[in-house]
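Before anything else, here is the set of structures, which you'll find just below.
The same chain A turns up in both complexes below, where it pairs with chain B and then with chain C.
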Partner chain A sequence: MSDQQATVSRTAGGPNHGARLAVAWLVISAIVDPLFWFAAGPHMPPGDMTSSASGAQFDFNVLMMAALPVTLGVWLYFGYAIVNWRASKGGSDLIGGPKARGNMKIQTAWIASTTIVVLSAFVFGTVELIVPAGAGGGEGPQPIWTPTSKTVLPIQVIGQQWKFTYRYPTYGGFETDTLMVPNNTTIAFHVTSLDVIHDFWAYQLGVKADANPQQDNVAFTTTHALGKVTVRCDELCGIWHGAMFNYGHVVSKTTFQQWASSNETQLAAVTKLLPPFSWTYTADANGADGVYYPDNVDKYSKIQVYGAQPVSVAQAVKPTS
Partner chain B sequence: MAISMHESVGLGRPGETPPSGADRRRSPWLGQHIGTALVGAVAGYALGHFIGNSIASGYANVQLNRQNNVATVLALTLGVVGWLLGVGALNYPILKLVGKEPAPEIEEKGWGRYFRFTLDHKVVGMQYIIGVLLFLFTGGLLAMAVRTELLSPTTHYFGPGTYISLVSEHGTVMMMMATSIITGPIAGWLIPLMIGSRRMAFPRVEAFSFWMFTAGYLVIMTALPYGGFPTGWTGYAPLQTQAVGGMDSYLVGFAVVGTGMITAGFNIIVTIINYRAPGMTWSRLPIFIWSLLAVASLLALATPTLVTGGLFGILDRTAQTAFYVNERGGSAFLWQNLFWFFGHPEVYIMALPGFGVVGEILPVFTGKPLFGYRVGAAGMIGVALLSFFVWQHHLFQSGINPDMRPLFMLTTELISIPTGFIYLTGMGTLWKSKIRFEVPMLFALALYFNFLLGGISGVFLSDVPVNVTVHGSFFVMAHFHYTIMGGLVFAFFGGLYYWLPKMTGKTLNKKLSLIHFWMMFIFFNCTFFPLFIVGLLGQPRRVFEYAQRLQGLNDFSTISAYMLASSFLVFTANFAWSIFIDPKPAPANPWGSRGLEWQSPTPVPFHNFDRIPVIYADPYHYGEVDAPDIADFDKVWATAGAGASSGGAGGGGGGFGAGTTIEGGPSDV
Partner chain C sequence: MGIAMAWPPRDEPSETVRGKGRYVVGRSARLGIFSSLLAVAVGLVVFVSMAYLRSEPPTLDFAAGHSQGQAVDMTLQTVGAIGFGTHPSWVSYLTQAPDGKWVHTTLWDLPANTRVNVTIDQYDSGSALRNPQVGAVYGTLGNAATLNGKPFSLIDATKGNGVGHTFSIPTLGINVPLYGVNGNAKNFCNSAPCTLSEAHNTVEFSFMTPKTTGQYGWQCFVPCGGGYVYGNGGPMQTISFMDGFLKVVS
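Moving on, here comes the complex of A and B:
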């Protein structure tokens, strides 16, 4: 059989391209999905130091389970078309006509399947947002998805051009530029700003919340591993935005308790000079001279709003010492 | 239904007979042109500055940054007015206002017309090509500077202020460019030819859009000597309120470009609805025209929000209002909402025309009709509609009340359904086709490859829990470069390679075109794919310092970016060589397209069609033995009557309604 005859007969009788593609796609998906889930999945960012970080990692991996077959399937199809359906391979010219213009079954199946995938992604995302108390994202001053834990450690994050500082209201309101977080504790980050919009991104904690002036943006997470934390500003805040980062640590409860108590004592004289603790602060009328006072405009954002008790870790763990 | 073209004669008043053989060759130096426009701009700028300093020299902003925002804003605004006056964009309305009859518009010839305010949509289209390339290459150079800074996490090539200005300027210039990269040049040139019209509905408005677009370029460029602006292209307040004079250039620049976008949008909508040739029913409309209709709706409806939001910002900075100032009763969230209410439809303004272009290219080079034409058109309209309901997904972590978050997650994910239609039409068209791998086809295939990554990563961003990690990181940056550059810019170049032989009558060098494509495709992916990983590993956008461990990926991206930029040098060399230096005439229809635009002679006459064609079929009858003619170009119309005005009412592909196929004697057309 000459090449030409072979081409013609293949095009006329033709292999079952659909079946070939489907089998290849299933095989590829069956290999790639488990490979990703078991080999790469556990290492995907942002890790699993906290409930929200491991939640984000889990969600990312689940979405990848759908995204990989879809992406590879489309690429496979295009690759297959490029290899097999070239003009240079000849074949019949009669490839037009009504059949080539549409196929109701395929169109319906396509629309139905994409709709199912999309709606599943929505339901999954919503559950994963609501159940873990906002999934580590900033919920604004009146959080509606709150942690089940009865004891929550509030930490205030204050962004200003161009640094983050942290106040611990349950330890006398002292302020520090190192974020220390106790392990196995539910934390409420109250994020606010003194000037422009910043964004508190504690990468390994899986927490991100914009710091807005005059707003208390609350984000929750529960720590469950020790380690170092990188904090970066994630909202463009001016020329030194790129240099606005610092570090923190998740430490054991005992270590945290010692650190917080000693800071409370040692910094007491400095704390007295700070504005009294408040959920937000306002620059004084002269603007840029660096004086701030508690912002009494803010009527909400009391910690009782979301039903948890503001406690120190000392109360929460009742250390034996 | 299509409306009869009986009265759409010439560019003057309705019913006017086109001046036959009109050929006005005047010296390119005489009259109004880009030179007088520049003079007008400088004069307007000086006048505005003088007025501003006279009325507001005591403002607090002068103390803070030694610049008077009132003077800056007035200078830029009057500069734009001077630019328009200088080029003659306002002659017609001014003469009408004072009761004088403007001179009739007749055909101009010679290269001088490319530097003038001209009413020939084909000349405006060519002006736009140069205009968007200027924008694109300026933005590209800024991107090279940004990538250069990111070569090292610690060694800095620029100061932080310069760096953030470069980032902001790059983003803004590119966004402005992207709004018009296809709707300006390719659509402006092709809409009348594709729908069988002699002109755009409002030729003056079309030219006005172009000269506003160029004015916007000049305005945004003034940001650099004014000290730049630190906000990125998103311009978030209160940083916006705090910033120095370059911020005024940003706000005025977006207002200027935005006004051009709004007018362009209305012009395209009216042209498509009212200027289709008889028989060009909705179901025979090229898919590219459907995409433009969707885009034009977004341009006309979304952009006013940006212009208004910018006006509030200007007032905050000049008249000391407090729209965006929290501590004086305003809200910074207002800007975020206004901006993204425009900004998200804007994203689709930058995606849909690309889908339209590849929808035209695929059938030609597969030899098959477009698969699922109606689904494709519905997908574009669906994307356009849904795009108004997704904007708060940019604000998932912003601190806005969270109760709407699931809703915006849903709407955002829903938009992938109509976007999927575009893939359905593409994949269906490829099925058992006969692909010819010409350069435009390669760009079209590349769009499907790239946009898939852009689209799928968008689903990750729409998922709120994952968004906590990826929001504001390089992941987002890679995502939208994959959609805008990987989609729109690839479609633009695909469209250029496809239609330039028609536009210019010249053939582009194929070898150079292929080198351009492969360099652009490979190095685009090498530049931006690593940035997904960089973002996932924790690098925020717009930073000049990053973790040491990310240097390898960043350097790989930067070097690839240099190569990506060189691919545009290849294109420029090809363009210059093939069009100007060593032109080779192109065949009349080099790709064997059935599109109406290819049926007119090259060069296309001033009035496009001697007679308004009567459309018989959609342009996708490929691969058929007895494919119908797309149109009858010699059909002679009876004078206006009931039958003619219902031309094309036959509906979904059923041909004309009764009485519309008029076989009368010579008419006045």
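Moving on, here comes the complex of A and C:
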């Protein structure tokens, strides 16, 4: 019997490779997917300290659940092909002939399944961006995806080469190097810059928004766990960009109230020297003589357009303990 | 292989051929020589570039011989123009080495979890602050500092001589503004190192180094890089001028 005949007979009377692969793939996926979801999922970044962080973690896990079977399927197919369809020593060259022809069923199934996966990811990603009020991302000065909470604590984030400072308009507009956030509270981060473009990335909060000069970039999140927060600049902003980081804390409402009230009092003298609170500032670019000024444009209007929750600086509710 | 092969060549006349009484280097040999020279040239360029990029001012060692519980004393000065080197017009910090000499560096080895007593002689004029928040003293021991011997906690940079520079370690939450001197003073210092007979303000404060070893960046937050965008280029981005590192060691 020639090699060609042997190959054909093996194919004709051999095992159903498709069924074998499908069963193996289903079994492996049924094991690995839940294993990932329950064992690794809860530990995936960025954690679950806030609504946007837990949302990002959920998104990551769902996408991983979708990606794992695809990856496993490809690896399984590769392994199976290497073991079962490799050329035998001294055998005929199998390139060309019937085996090189396309298989319309397989091609159709592949295109259809990958299209479904990609479109599903698109729909899922879009929904997950809109529903949780922008998912912690900067939405610009006129956010269209707003939180449902009726009380929003505004915190202004000011980037400058090379540190972040934070202003609390609800507490007299004091400015501090320390990010302190109350628990179980919806926060509106108003991110801006005094010089070049920075990026406010509060990792454990699941918040990330560019800090552009003369722009008020708003990002929302709702805290629901205490803990330490790492804040980094995530936009190359000069030679000491790598040193532009600090730490913050999510604390209880009572602790936050005490901290904020204490700072409002202790920093009253320096707060008087600051420009009046504004959502953006205009910095003089002339070097050492530069001061910064409120831009006096839409002074408080931007925070008042949060959908059905008009919250001005005066109306911004202090978190109740 | 051309110049190393046995002479005379038989099968590869293009490698090395006998000319009229002299050897002619073949194509492969020329290619080899050219490649070698190119590799040497590239290597030299890379070496010099890396040497330049990795070069840094000297690090003053304040940790040597330090015993636990003992405070470290450090004296700095700020000048309006360094007066020497490649950028004589740049503003700068200088550090006094333990032997009393002024060194143009902003890199210091400091022991961890140790009190550092800092004295800064400020010889530069001042200005308003882009961010008046850095006009406040914070993060030092007791959030305290003295200006010419008198306690102070805040400088209104719009009054008097303004703020010349700040000493700030953002990751440790430390900030101390340095009150400017009168730029029209007759004894205004124009080049470093300045002496105490010249117009200056002395600021003193203390802080604790962190327990965790590592490098902690510090800088001035007055955008004093005149002529650069937002005043944050030039000396503001160059070690040994207006920023540096605390190298905290065990």
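Basically, the second predicted complex is superposed on the first by the 271 of 321 C-alpha atoms of A that agree within 3 Å, B and C clash if a C-alpha of one lies under 4 Å from a C-alpha of the other, contacts with A are read in each partner's own complex, and residues count from 1 in each chain.
Keep in mind that, in the parts below, contacts are C-beta pairs under 8 Å (C-beta built on N, C-alpha and C of every residue); 3 or more make two chains touch, one makes a residue touch a chain.
The structure presented is a predicted model; accordingly, all values stated were derived computationally and were not measured.
Of the two partner chains placed by superposition, only chain C is touched by A:177; chain B is not. When both complexes are overlaid on chain A, the residue A:243 reaches chain B and chain C alike.
Looking at the shared chain after the overlay, A:235 reaches chain B, while chain C stays out of its contact range.
By the touch criterion stated above, A:40 is placed in contact with neither chain B nor chain C.
Contact with neither chain B nor chain C is seen for A:22 once the two complexes are overlaid on the shared chain. After overlaying the two complexes on the shared chain, residue contacts for A:31 are found with neither chain B nor chain C. For chain A, the partner that touches more of its residues is B, with chain B and chain C as the two candidates.
Of the two partner chains placed by superposition, chain B and chain C are both touched by A:196.
Looking at the shared chain after the overlay, A:268 reaches neither chain B nor chain C. In the superposition on chain A, contact is made by A:163 with chain C only, not with chain B. When both complexes are aligned on chain A by C-alpha atoms, chain A residues 195-196, 238-240, 243, 245, 283 touch chain B in the first and chain C in the second. By the touch criterion given at the top, residues 11, 14, 17, 44-46, 52, 55-56, 59-60, 63, 67, 70-71, 74-75, 77-78, 81-82, 85-87, 89, 91, 93-97, 100-103, 106-107, 110-111, 114-115, 118, 121-122, 125-126, 128-130, 132, 134-145, 191, 195-197, 199, 201, 203, 206-210, 212-215, 217, 230, 232-243, 245, 282-283 of chain A touch chain B in their complex.
Of all residues in chain A, only 158, 160-163, 165, 175-178, 194-196, 238-240, 243-246, 267, 269-270, 273-275, 283-292 touch chain C in the complex they form. Residue ranges of chain B in contact with chain A, taken from their complex: 160-161, 163-164, 230-232, 234, 236, 238-239, 242, 326-327, 332-333, 366-375, 396-403, 405-406, 409-410, 413-414, 416-417, 420-421, 423-424, 427-428, 430-437, 445, 448-449, 452-453, 456, 459-460, 462-469, 471-473, 536-538, 540-547, 620-625, 627.
If you check the complex, the residues on chain C that touch chain A are 127-133, 135-136, 138, 153-154, 156-158, 168, 170-171, 173, 175, 217, 219, 221-232, 236-237, 243.
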